[in-house]
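The same subunit A turns up in both complexes below, where it pairs with subunit B and then with subunit C.
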Partner chain A sequence: MWARTEEILPYALLLPSLVFLALLILIPMVQALLLAIQADSGEFTTAYLQRMAVDVNFNDAWRNTLLLIVLIVPLQIVLALAMALLVNSRFKGHQWFLYVYAIPLAISDLAAGILWLAVFTERGYLNTAAQGLGIVDQAKVYLSFENFGGLVAAIVIAESWRATAIVMVILVAGLQLIPRDFFEAADLFGANRLRRTLYVVLPLLRPSLQSALIIRTIFAFQTFAVVLALAGRNMPVIAAEAYSWYANNRDAHLAASYALLLLGLTIVFTFVYLRVLGLREAEVKR
Partner chain B sequence: MRRSSMRALAAATFAIFITACATTGTSGGGAVASPTGNDTGKDFAFQSTQFSPVPEQEAMRQQILKNWKGVGVEFITDQEAVIINNITAEAKAGGTGRIGIIGLENGQFSSIVAGNYLQDLSKVTDRNKDKKINADMLTLGKFGGSQQLYIPWMQQTYFLVANKQALQYLPSGADVNALTYDQLIAWAKNIFDKTGQKRFGWPVGTNGLIHRLLQGYWYPSYTGGLVTTFKSPEAVTMWNKIKELWQYSNPQSTTYAFMQEPLQSGEVWVAMDHGARLINVLKAKPDDFIAVPAPAGPKGRYYMSVVIGLGIPKTTPNQGGAEKLIDYLLQPDTQITTFRTNSFFPVIDAQMPADLDKGLKLEADAVAKQSSAKDGKVVPLPVGLGSQGGPFNTAILNTFQRIVVKGEDPSTVLNEQAKIINDLLNTAQAKCWGPDGTSTSTCQVK
Partner chain C sequence: MTAVAAARSPRMNARTWDRVLIYGSAILLALWVLVPFYLIFLSAFSRPNDVFTYPKPLLPTDLSTETMQTFLNSTGVFASVINSIAVAVLTIVISLAFGAPAGYALARFTFRGRQAVQLVILASKMFPVAILSIPLAVAFLRLGLYDNVLGIALVHSAMALPFVVLVTAGVFAGVSNELEEAAMTLGCSRLTAFLRVALPLALPGLAAAAIFTFVISWNEVFASSILTLRQRTLPALVLFALQQSPLYFKFAGGFFMVMPAIVFIFFMRRYLLNLWGGR
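And then the complex of A and B:
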C-alpha cells in the first residue's frame, strides 16, 4: 500500500501543472494548428498553406527570418560566452557587471526597438554625436529602404543588445555547475587559461550551450517588434507576417499558416541542435 | 481676426463631412427600435481604438469624463484586432460581458456589424435629436440597413503640414493654400535641388496610414474613383507621379507611422497625415509650422472624412448606463472639451469657444479651408467591405510597396492587384461607394 502511494505521488504532484499546460498551451496550440489546415466548414485543406506560399511577402519573410537567425544567434552565443566567462572569473566587481549585462532583459522588445530607432534615425543620437564630434558633416540616413545592409546591421545590433543577456544567464549558471575539481586537475597538469577554457570549460558547458542555443533560436524566430520598429514594412519576417495577417487582415487561417511554418522551422533547428550538440551515449555512460 | 477664425471653425465642423456619404445605402424607414435599457448600476469598460497616446487617455479620463455622473466607466484603448476579439469572445461566451460600449472608426465596425454583435440605438438617436447630429454620419452608422448600429462621436480628416523653412522653396506661382500635386512634387524637388535633402515624408511605416492617403486623396484626385479606376490609364499616370515624388522623399519614410514625429525632429518638412497624427507638432511649435488643405489633382481636391462612432454590444453589462454615456459624450460641452484636449472635431451643432490653443486653430483653419475649397470633394472611408476591409487596405498598401518602393512596373502590378481587389470585393459583395459613385451590383475594377 505504502509503495503504491509513493508510486502515484510524483504524478499527483505533476498533475496541476499538467492540467495548466494542457488548458493554456496545448489546447490553444492544437487549435492554432487546426486553423492552418482546416476550413471553417470543418474539412481539411491545404488551401491556406498554398495561399501563404504565393503571398507577396512570403519569400522575403522566410529569407529575412533565416538571415537574421544566421547573423544574430552565433554572434550572441560568442558574446554571451565571453561575458559569462568574464563574470565567472570573479574579478572584483564582477557582480556589478552581471547586473549591467542583465538590464536589457527587463525591457520589452518593442521598447528596445524604439530605443534603437532613436539612436539610428536621421536626427538620432548616433548622427548627433557624429556631427558633434565632427566625424560627419551631414546627418547620414542609416534606416533607408534602399540600404538593406544598414537595416540588417541595425536590427542585429539592437537584437544583440536586447537578448544576449538571456543567453549569458544560462551560460553563467552552466559555468557554476562545473565542479572545481576539474579546474584543480587542469592546474595540476599545468594548463594555462586558454587551454583550460578550450579543453575543460567548453566541453563541460555543452549542455548549457545546447539549451541556450535552442532557447535563443526559438526567440530569434519570434523576433518582430525590433524589426518592425527599425525597418517598418521593409523587412518582412515570418512572425510579423503572422501578426499582420491576423491583426490587419483579420485572416486567422493565414496567420496560423505562418505560425505553422515557424513551428516547423523551430522543430528542424531544435532537432539539429540536439543531434549535433547532444551528449552521445558513450559520454553519458562514462 | 478672432471672429473670422471662429467662423472658420464653425465651417470646419460642419463641412468636413459634406454629402458624399449619401451614397452609402438606403436609410430605410420603418425601423423597429429596440427599447432603451435600464441602468443596471453596473460599472463597465469603454473600449476604443482612439486616443492611444497616454496623454490623450488621461485627458479622456480626467477632463472629457470629468462631469460624468453615472456608473464607473473604465476607458481602455487597444488595437482594433484586440477589441474585435474581445467583443466576439464575449458574444460567443453568452450572457453579459465586461465591455459596455465601444468607440471605433466607421471602417473598424464592419466585422462587428457582420457578426451582428451590436444593439440598435435608434431610440438614443431620437432622444438626442435636439443636438443636430450630422445626418450623413448617422446614415453611415446604419450600414445600409435600418438599425442605428453606431452613433457618431467625433470626426477627423487628413491634411498637409509644412515646416516654414520649406516655404522659401515653393515653386513660383504656387499658392500653398491651394496646391496641386504637380506643385507638391515640384516643391519637394526644389528642396532637394537647393539643399540636397529629401524632406517630403510619407507614413509608410508599420502603423502608418498611407493606404488612406491613396484611397481618399491620390486615387480620386487623379482618377475620379478608387476601385473602378484602379488600373485606368489615369491611375498609371498617378503612380508615375508618386514615384517621382518618392525620389525626393525621405528614404526613412518606410519607418514613419505618425508624421508629427519626423516633422518635429526636422527629418521631414512637408507631409500629409491624419489630423490626430499631426496635432502634436502644431501644438508644440505653432510658430514654425503651417497647416494647409490637401493638394488637388486633375479630378479635384479630394479629401477623406473619418467618423468615429459609439456602439453598444449586445453583451453590454449595463445598457442604460452606456446609453446615458452616449448622451453625455454628445453634449456640446463634452464635444468641445474633446476637441480642446484631443483635437477631434464635434459631430453636433456646437458653438466653438474663441480661446483655442494656437495649434488647434491652425488645424481648424486648414480643415475649414479644405472643406470650403471650390474644388473640394469629400470621400468616406471604404464602405461595406465587412471583414474584407483589412485585406482591401493591404491590397492597396502592397500596390504602393511594389510599384513605389520596389520599383516594379505599374501596369503589371495594377493588373495583378486588381484581381486580388476584385476577389475580395466579390467576397464582401460590396457595392461601389464614395468616389466610384453608386452601383447596383458588386463594385469591380474596370
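And then the complex of A and C:
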C-alpha cells in the first residue's frame, strides 16, 4: 500500500501543472490554428490567410520582423558573450557586475522602448550629447517614418540593451559547467586568452550558445511593444499586426492568422537551427 | 636588485594591463546597462514642460516630482497599478500552488517519464505568449473571464509556471532528502515531514520564485493588452495610451514600470542562473 502511494505520488504532484499547461497553452494553440482557417460557421477556409497576404502591412511586417531578428540576435550573442566571459574570469567584484548585467532581465520591452525613447527623441539625450561633443550642429530627427534607418537602429539598440541579459545568464550558467582544469590545461600549453577562448571555451560552450540562440530567436519574433514605443505604427512587425487586428479592429480571424504566421516562422527557424547546428556537431565528432 | 626589478616589471606590466583591460571593459558594459536607467530617472523627475527643454541637463540639478505626480493623478493610472498588483499576486498564488509540487516531484523522485515531463516544461517556457492571447481572448469572452483580473492572471501563470517548476526543483534539490527521511523514521508522515522540515528550509528559494513570478506578470504587455478593455494593467494602459499620450506621461510610466523590477531582481540575484541556465 505504502509503496503504491510512493509510486503514484510524483505523477499526482505533476498532474495539476501539466493539465494547467495543456489548458492554457496546448488548447489555445490549436484554437489559434482553427481561428485562422475556420469561419464562424464552422467551414474551413483560406479566406483569412489570403486577406492577411494582401493586407497593406503584410510584406513590411514579415520583412521588418526578419530584419530585426537578423540584426538583433547576433549583436546580442556577441555582447552577452563578452559579458559572460568577463564575469567568468572571476575578477574581484564580478558578482556585482553579473547583477548589473542581469538587471534588464526584469524590464519589459515596453519599458525598454520608453527608456530609449528618452534617448532618441528629437529633444533627447542623444542629440544633447552629440551636439555637446560637436558631432552634429543641430538636433536631428531619428524617429520618423522618413528615417527608416534611424527607426531600425533605435529598435535594435533598445532590444539589444534589454534582452542581452537572458543570453548572458544562459552563457554564464554554461561557462560554470566547464571544469576549471580545462582553463588551466590550456594555460599550461601556453595558450593565451584569445586562443583559449577560441579553441577551448567556445567549443565547450556550444550547447549553451545553441539554446541561447534558439530562445532569443523565438522571443525576437514576438518583438512588438518596443517597436510601438519607438516607431509607433511607422514600422509594422508581425506581432504588432496581430495585436492591432484584435485590439483595434476586433478581428480575431486576421489576428490569429498573423499569430499563426508567427508560430510557423518560429517552428521553421527552430527546426533549421537544430538541423544546421546538429549537423555541425556531427562533423565535429567525426 | 635592479636586475630583479627589471626582470619583474614586464610581467607586472602585463598583469596590470590585463587588469585595466578587464575592469575597463566590465565598467564600460555596466555603464551601457545603467546609463539609460539614469536618463529615465532624470526624465521622470522633472516638470511636464521639461520635455521641451533642449539641450537636456545631464546632471540631476533640477529635479521635481511634478511629472510623476501628474502621471499618478492621470485617469486610470491608479486603478491600473492596483490591477497590476492584483494580477501579479494572483499569478504568484496560482503558479506556486501548481508549480511547487511539480518542482518537488522533479527534485525528489525518479520515475518513468521524468525526461518527457522536463522537456514539456522546457518547451512551454519558450512558447510565444503572443500566439496564445488571441484564441484565449475569444475563449475568455465566452467564459466571462475577458477584461477580468483572474483571466490575465491565468495567462501569466501559464507563462510563469515553467520557471516556477524549474526554480523550485532547484530549491528542493538543495534541501537534503535525508532530513526528510530522518523525520519520517521519527514518526512523521510524508506530508508532515515536508511541511515541518523541507518547506521551512525551502522558503527563501520559494520567495525568490514568487518574486520572479511577480516580475513576469508586472512586465507582461501583449496578453494584458489583448485580454482587457477597462480593467487594464499598467503596461496595458501605457501601451494603449502610447499613440496619444504626451512624452512626459510615457517617461513617468516607463520609470514607474522599471523601478519595482530592479528592486525585485536584486532580491533574487542568487537564483538568476537557475532561471535560464543549467538544464
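Assume the second predicted complex is superposed on the first by the 255 of 286 C-alpha atoms of A that agree within 3 Å, B and C clash if a C-alpha of one lies under 4 Å from a C-alpha of the other, contacts with A are read in each partner's own complex, and residues count from 1 in each chain.
Just so we're on the same page, a contact is a pair of C-beta atoms (placed from the backbone, for glycine too) under 8 Å apart; a residue touches a chain by one contact, two chains touch by 3 or more.
It should be emphasised that the depicted structure is a prediction, and the values quoted were computed from it without experimental measurement.
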Clash or fit: what happens to subunit B and subunit C when subunit A is overlaid? clash
If you stack the two complexes on chain A, which partner ends up touching A:Tyr246: first (subunit B), second (subunit C), both, or neither? both
Give one of first, second, both or neither to describe whether A:Arg123 is in contact with subunit B, with subunit C, with both, or with none. both
With the two structures laid over each other on chain A, which partner does A:Phe145 touch: subunit B (first), subunit C (second), both, or neither? first
So in the superposed three-chain picture, is A:Gly232 touching just subunit B, just subunit C, both, or none of them (first/second/both/neither)? both
In the superposition, subunit B vs subunit C on subunit A residues touched: C
Per the contact definition in the header, classify A:Ala186: touching subunit B only (first), subunit C only (second), both, or neither. neither
Tell me which partner A:Val56 touches in the superposition: subunit B (first), subunit C (second), both or neither. first
Look at A:Val201 in the shared chain and tell me whether it touches subunit B only, subunit C only, both, or neither; answer first, second, both or neither. neither
Partner chain in contact with A:Val169 - subunit B first, subunit C second, else both or neither: second
Both subunit B and subunit C touch subunit A at residues 117, 121, 123, 228-229, 232-233, 246-247
Provide the residue numbers of subunit A that touch subunit C in the complex, in ascending order. 7, 9-11, 13-14, 16-18, 20-21, 24-25, 28-29, 31-32, 34-35, 79, 82-83, 86, 89, 91, 94, 97-111, 114-119, 121, 123-125, 127-129, 131-132, 139, 161, 166, 169-170, 172-174, 176-177, 208, 214-215, 218-219, 221-222, 224-225, 228-229, 232-233, 239, 242-243, 246-247, 252, 255-256, 259-260, 262-263, 266
Spell out the part of subunit B that touches subunit A in their complex, as residue ranges. 79-81, 84, 111, 196, 204-206, 208, 250-256, 265-267, 387, 389-391, 393-394, 397-398, 401-402, 405
Over in the complex, which subunit A residues touch subunit B? Could you list them? 56, 117, 121-123, 138, 141, 143-147, 228-234, 244, 246-251
Contact set on subunit C toward subunit A in their complex: 19, 22-23, 25-26, 29-30, 32-34, 36-37, 39-40, 43, 51-56, 58, 97-99, 101-102, 104-106, 108-109, 111, 114, 117, 120-121, 124, 126-139, 154-155, 157-158, 161-162, 165, 190, 215, 218-222, 225-226, 235, 238-240, 242-243, 247, 250-251, 253-254, 257-258, 261-262, 264-266, 269, 272-273, 275-278
